[in-house]
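In the two complexes below, chain A is the common chain; its partner is chain B in one and chain C in the other.
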Partner chain A sequence: MTATRTPDVPRTLDPRQPPPIPRRAASKRAARKSGLFGWLMVAPAVFHIGLWTAIPVLATIALSFTDYDIFDAPAWIGLDNYVEIFQDPVFGQATWNTIVYTFWTVPASMAIAMVIAVALNQNLRLRTWFRTAFFLPQVTATVAIAMVWLWIFNPQQGLLNGILSVVGIPGQAWLADPEWALPSVILVGAWQGIGIKMLIYIAALQNVDPSLYEAAAVDGAGPIRKFFAITVPMLKPATFFVLIISIIGAFQVFDQIYVLTDGGPANSTTMMTYEVYRSAFQNFEMGMASAQSVLLFLMLLVMTVIGRRATKGDEG
Partner chain B sequence: MTTRTMRSRHRRTTGIRRARIATGLLTASALALALGACSTPAAEEDTDPNAISGDLTMLTPIFEGTAGQKLLEEELLPQFTEMYPDVTVSVDYTNYARLNEKLTTGVVSGLVPDVMMMGVGWIEAFADRGVLANLTDGGLTAESLEQTMTPQIVEAGLWNGDVYGVPIMLDARFGVARMDLLREAGYDHTPRTWDELVEMADALTERDASGKLTRTGFDMLTIEPRQMFETALFSNGGSLFSDDNSSPAFDSEQGVEALQRIVDLFHEEKVEDTGFSAPNATVNPLINGRAAMAIAHNNVWTQAEAADPEVLDDLEPFLIPGDSPSMFVGGTMAAVSATSAHERAAQKLVEFLASPGPALAANQQRGNVPALTELLESEYVQDDRLVQFAMENLSVAKREGGPPKWLGLRGDVAPAIENAILRKKTAKAALTDLAATFQKKLDR
Partner chain C sequence: MTAEPLTTRSLVTGAHEDFPTKPAGRRRNRRWIGRVVLNLALTLGALTMVVPFIWMIATSLKSPAELAEFPPTFLPKVWEWSNYPEALQAAPFATYFRNSFIISASHTIITLIFAAMAGYSLARIRFRGRELVFLGFVAMLMIPTYTKIVPQFLLVKFMPLFGGNDILGQGGSGWLNTWWALIIPGGLSATAIFLFRQFYLSLPTELAEAARIDGLSEFRIFSRIYTPLIKPAIATVALLTFQESWNNFLWPLLVTTRDDLRVIQVGLAVFQQLDGTQWQYLMAGTTMATIPMVLLFLFCQKYFIQGFTNAGIK
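Moving on, here comes the complex of A and B:
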């Protein structure tokens, strides 16, 4: 078939016809139209993110340079809030407590969650029941959980001291002793965080090719070898994701502190988020709270980058 | 938290309700007369309830729980809305722990409730910043309130001499002893001096063979550390702030001595171990015999009534001995928003809630101390020895607060006291450091 090429008709020859569109221009117009359509499609999301995320974030950053106590208009004070934060021993302790809390809760709960996920990925009886049981703390209100833990940690009638007394170990004032309060809170945090991590790992395990295990079995690999040589590397993208959300979650710990210890005793369990709360809602220092929030955000950013480097991102 | 509109309820008028209207009118009128509240031009408007109108919002940390809501919504507010048929009241319930958040978000969003209940020490902050209406403009004066309340209590609702909050109920902290346990140890009276308190606490403390504390001679851990320290501070003749509220005064000799005495009770006399009890413990150690004496809240009586009425006869209140034996009081005040579109109606609601009938009911529900002196003779007060004791000793009551920045300061007190009790700092260093923090914030 021979393609016939319509000769270009000069515009002046037939004024009743619309002018012919050059191919390049038509292509540009189509691209523009397509681009416009694309923007139209993402507009709701952009609007949503702009309104509910970008503006509040920018407002927080702007407020962090002001003295704002909700009653009077914000007054520009430059870096004073940041200077004060770095001189504040309580916020320093809160930062340290947050790092310690994250250091212990994230790897511990990740390791436990991975082991549980692998176990519950087998064809066990009551597998669904176990999965539900492990996930239950995640969907239970922290306040309710904290009340149970308050009883467990009760130095007089608590379960933990009761068990210890059976084996002859003296009990502790778990939440009232500054030496034990933070470890106690960490224990609750690690326990509560296992469920969601386990769920992500189970989902990731579904995508691991069974032929890898079959090949390893043929090569004589045992369960432990298979776990470290196949399961752990294949779960790397999931591990990165779990690590990031765990770090963010750990840095944002608030409600269990609020209910279990109120940051005490003697600020031994106060966290960065708790200090933000205290600045904003107890001291009416919104500018200070904003500056503390910005520092928290920066720390999370740094931790995320470190996490990405450590796990080499989400490379499979 | 529940928000309910009372409009539909007040329409269901019954004969019983009419009787309540009469009671409500009587009580509100009694308060109005007693307070001398209506001697302004607005008084003429007050004589015609139909002239008062508006849809009011009310934020309250009291009346919490099912019983509290029932009392407010089924008993008290219907009385008010039937007295003022053109007024409706929507209630937002919270508790003291979350009250600050509610108020903060209300102020920031411009949605400040018409009527707010707040604690002693809060009025200064909100009045100073123009959030609260000056009730003196509406006819309430300090002098008129002092006809029915002690000046110390009225003062908690004043700012620059004008009334911004009307006291409804008080929370008192003082010493309480289990006389049955004291008698077993050979004491027939509560301690009269600090040395006697130490000696008795020592004698009453019991430990098992392993050294585990089974009974404290003097419990200091079941109330908030801040309030525990303030009770000791006031009884030792100390103050929180200088007279002009410009600088902290708790780091004085009396303050350091008061805190040192507490520290010594823990570490030298070993009458209590940290962790033995905690603020708002499920069962107060006085009730189950795990404490022989304590710094306690007046509502221990109500708790004992519910848990073990047999111990009621053995609960004996006393003022913590010291240079100036006194009692710590907090409380709940009713205030009106400066931006309320229905200020007259809001003030009427405040006056109603502070009047004898509703105030008595609210106090009874929480086991608290009525602010109105005349309620000393009520059956409720006469039946509750701790509330009665508190009312009889209001002349030596001292409260916290003072400077408008108090709300931003008070959260720093507990960690400082805990630092001293845990011996992370000496009593003097803990209070000196705390005073420096206070001064820095006051000067900001």
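Moving on, here comes the complex of A and C:
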């Protein structure tokens, strides 16, 4: 029964092609049957993503115009939440901290990751070992990692101050000092995130045409010149990809803040996500938290567009 | 021309100095020095990555007296293996561990079944509205966790007819402090669906046509013909899902307060807040939370790397 129905439906590999117009009644029936099957297969996922992602996003936007504490019904207050956010110095600080954090854990780390990837792209005997080591923090839970760093940063018995004391540099109260807390958090974020950036660059380097380097060598270009004239431009698409996923990741930094500093001291390490968390789950201001998360999303969109401009250039 | 032939790798990195005008000996010397410097720099970098892990394990095996020393010892003088059983006494890490495992395994199973079905449907079956569904999923890929977390929490809290709630979701605690909240909302992600679609798209369509001529049903074509062909992809998605779920912190933190439902990451954070000075136990717990993922990664590196380069998750 099934045997007769599909061979006359032309199939293409391109998923964007519209379904072909069936020529006979039998194939029309077959198309309807396959349509039903397609919907049945995708239905659980549509239901789940719809309920747990699509509806929540719309609800977040709607709630951002309300005053809502869970216990009483939401009250419509228009743009009041947004007005309040723009007058809130703590949220301003959180936004700035997020931008600073993103700057150091994304573009700066990407540059280092690119250099490591280029180095690892050579025939080194320990290549796989190096790659494993650089990638190890990426697969480990951020909470566990933050716990280890909390201990490394410990002013009394921590490893960092221990090493510094051997060299003769006075130690710091890293996470308790408003000057040092944000750099410490950034260090942890950069340390953990370098592996994934490196990995994508390694994959992209496999696709760079070797004849380009041959031609450059004939023209007398040295290794540094080759790096900037060939490697960097050829890695542009990968750079765009890494940039976008890293920005999205960096903007959502939460776990290490929760463990390392709780946003302090004096709000020096609080982030936009942390303010969303505080508003919603410590102060029970669901409307305010929603407005803050809408702003977070908008900033992420803006950053993505800027990133696209910066890395894609004329390719558009 | 004594120099070795140009290899792809050396060309890509430009490390290969191959100017025929230079004397061969000097060239080889310079290359040798370059190699040593490169290896040293990479070793230093790799050590920076690994030392915190060694420090974690070393701390978990030290006595409180040794932990109080400054400057700290790196490796323990006396290896206190008893720290581990004592840590399991100090906090219910075994329960946390079991909970994390149950949740991660459930998320992986749910994802493998339903994301594969959806991915296959979007890649291989023609139906009205398919493009719209696909675009919808792609849009959902972009949504940050924090832009949906408040309503997700409210959905859980006001889940009708659960946890003492009436049909309108009022009066009780809904799914809060239940396995439902831990397992269902995080069970499926748009990323997994997207990955599965890509994998199924890479397979030829002729297989399905041949199978139809042989009289196989559409569901069997999916389950018996195509799915076995993407086994490596399944392994990749499974590992990524398991890892993501094992490492998740915020969601279990929000929806559970009961100790017997806590996952390992939340358990660690709570233990740190309550007994923050007992570093040997805290690091023992952290080691236990970390080791499963590290081992999984070391043994299945190929699939992890494939998955991370494809999806760029996290």
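Heads up, the rule we're going with is that the second predicted complex is superposed on the first by the 258 of 316 C-alpha atoms of A that agree within 3 Å, B and C clash if a C-alpha of one lies under 4 Å from a C-alpha of the other, contacts with A are read in each partner's own complex, and residues count from 1 in each chain.
Basically, a contact is a pair of C-beta atoms (placed from the backbone, for glycine too) under 8 Å apart; a residue touches a chain by one contact, two chains touch by 3 or more.
Quick caveat, the model's predicted, so the values are computed rather than measured.
Visitor: With both complexes overlaid on chain A, does A:111 touch chain B (first), chain C (second), both or neither?
Guide: A:111 contacts neither chain B nor chain C.
Visitor: Per the contact definition in the header, classify A:215: touching chain B only (first), chain C only (second), both, or neither.
Guide: neither
Visitor: Which partner reaches more residues of chain A, chain B or chain C?
Guide: Answer, by number of touched residues of chain A: C.
Visitor: A:310 in the overlay: touching chain B, chain C, both, or neither? Say first, second, both or neither.
Guide: Neither chain B nor chain C is touched by A:310.
Visitor: Thinking of the overlay built on chain A, is A:232 touched by chain B (first), by chain C (second), by both, or by neither?
Guide: A:232 sits against neither chain B nor chain C.
Visitor: Is A:169 in contact with chain B, with chain C, with both, or with neither (first, second, both, neither)?
Guide: neither
Visitor: Output check: A:302 vs chain B and chain C. Expected answer is one of first, second, both, neither. What do you get?
Guide: So A:302 meets neither chain B nor chain C here.
Visitor: Quick check for you: in the superposed arrangement, does A:281 touch first (chain B), second (chain C), both or neither?
Guide: Both partners, chain B and chain C.
Visitor: Return first, second, both or neither, reflecting whether A:79 touches chain B, chain C, both chains, or no partner chain.
Guide: In the superposed model, A:79 contacts neither chain B nor chain C.
Visitor: Is there a shared patch on chain A that both chain B and chain C touch, and which residues make it up?
Guide: On chain A, the residues that contact chain B in one structure and chain C in the other are 70, 156, 280-281.
Visitor: Touching residues of chain A toward chain B in the complex: what are they?
Guide: 67, 70-72, 90, 155-156, 170, 172-178, 263-267, 278, 280-285
Visitor: Report the residues of chain A in contact with chain C in the complex, numbered from low to high.
Guide: Touch residues, chain A against chain C: 1-3, 5-7, 9, 11, 13, 15-16, 19, 31, 34-39, 41-42, 44-46, 48-49, 51-57, 59-60, 63, 70, 116, 118-124, 126, 129-130, 132-145, 147-152, 154, 156-159, 161-163, 165-166, 191, 195-196, 199-200, 203, 205, 208, 210, 213-214, 216-217, 220-223, 226-227, 230-231, 241-242, 245, 248-249, 251-252, 254-255, 258-259, 272-273, 276-277, 280-281, 286, 289-290, 293-294, 296-297, 300.
Visitor: Considering only the defined contacts, which chain B positions touch chain A in the complex?
Guide: Per the stated touch rule, the residues are 100-101, 104, 107-108, 125, 129-131, 210, 212, 221, 273-276, 278, 290, 407-408, 411, 414-415, 418-419, 422, 424, 441, 444.
Visitor: Quick one: in the complex, what on chain C touches chain A?
Guide: Residues 6-19, 35, 38-39, 41-43, 45-53, 55-56, 59, 67-72, 74, 114-115, 117-118, 120-123, 125-131, 133-134, 136-137, 140, 142-155, 157, 184-185, 187-188, 190, 193, 201, 205, 208-209, 212-219, 222, 243, 246-247, 249-250, 254, 265-266, 268-269, 272, 279, 282-283, 286, 289-290, 293-294, 296-298, 301, 304-305, 308-309, 312-314 of chain C touch chain A in their complex.
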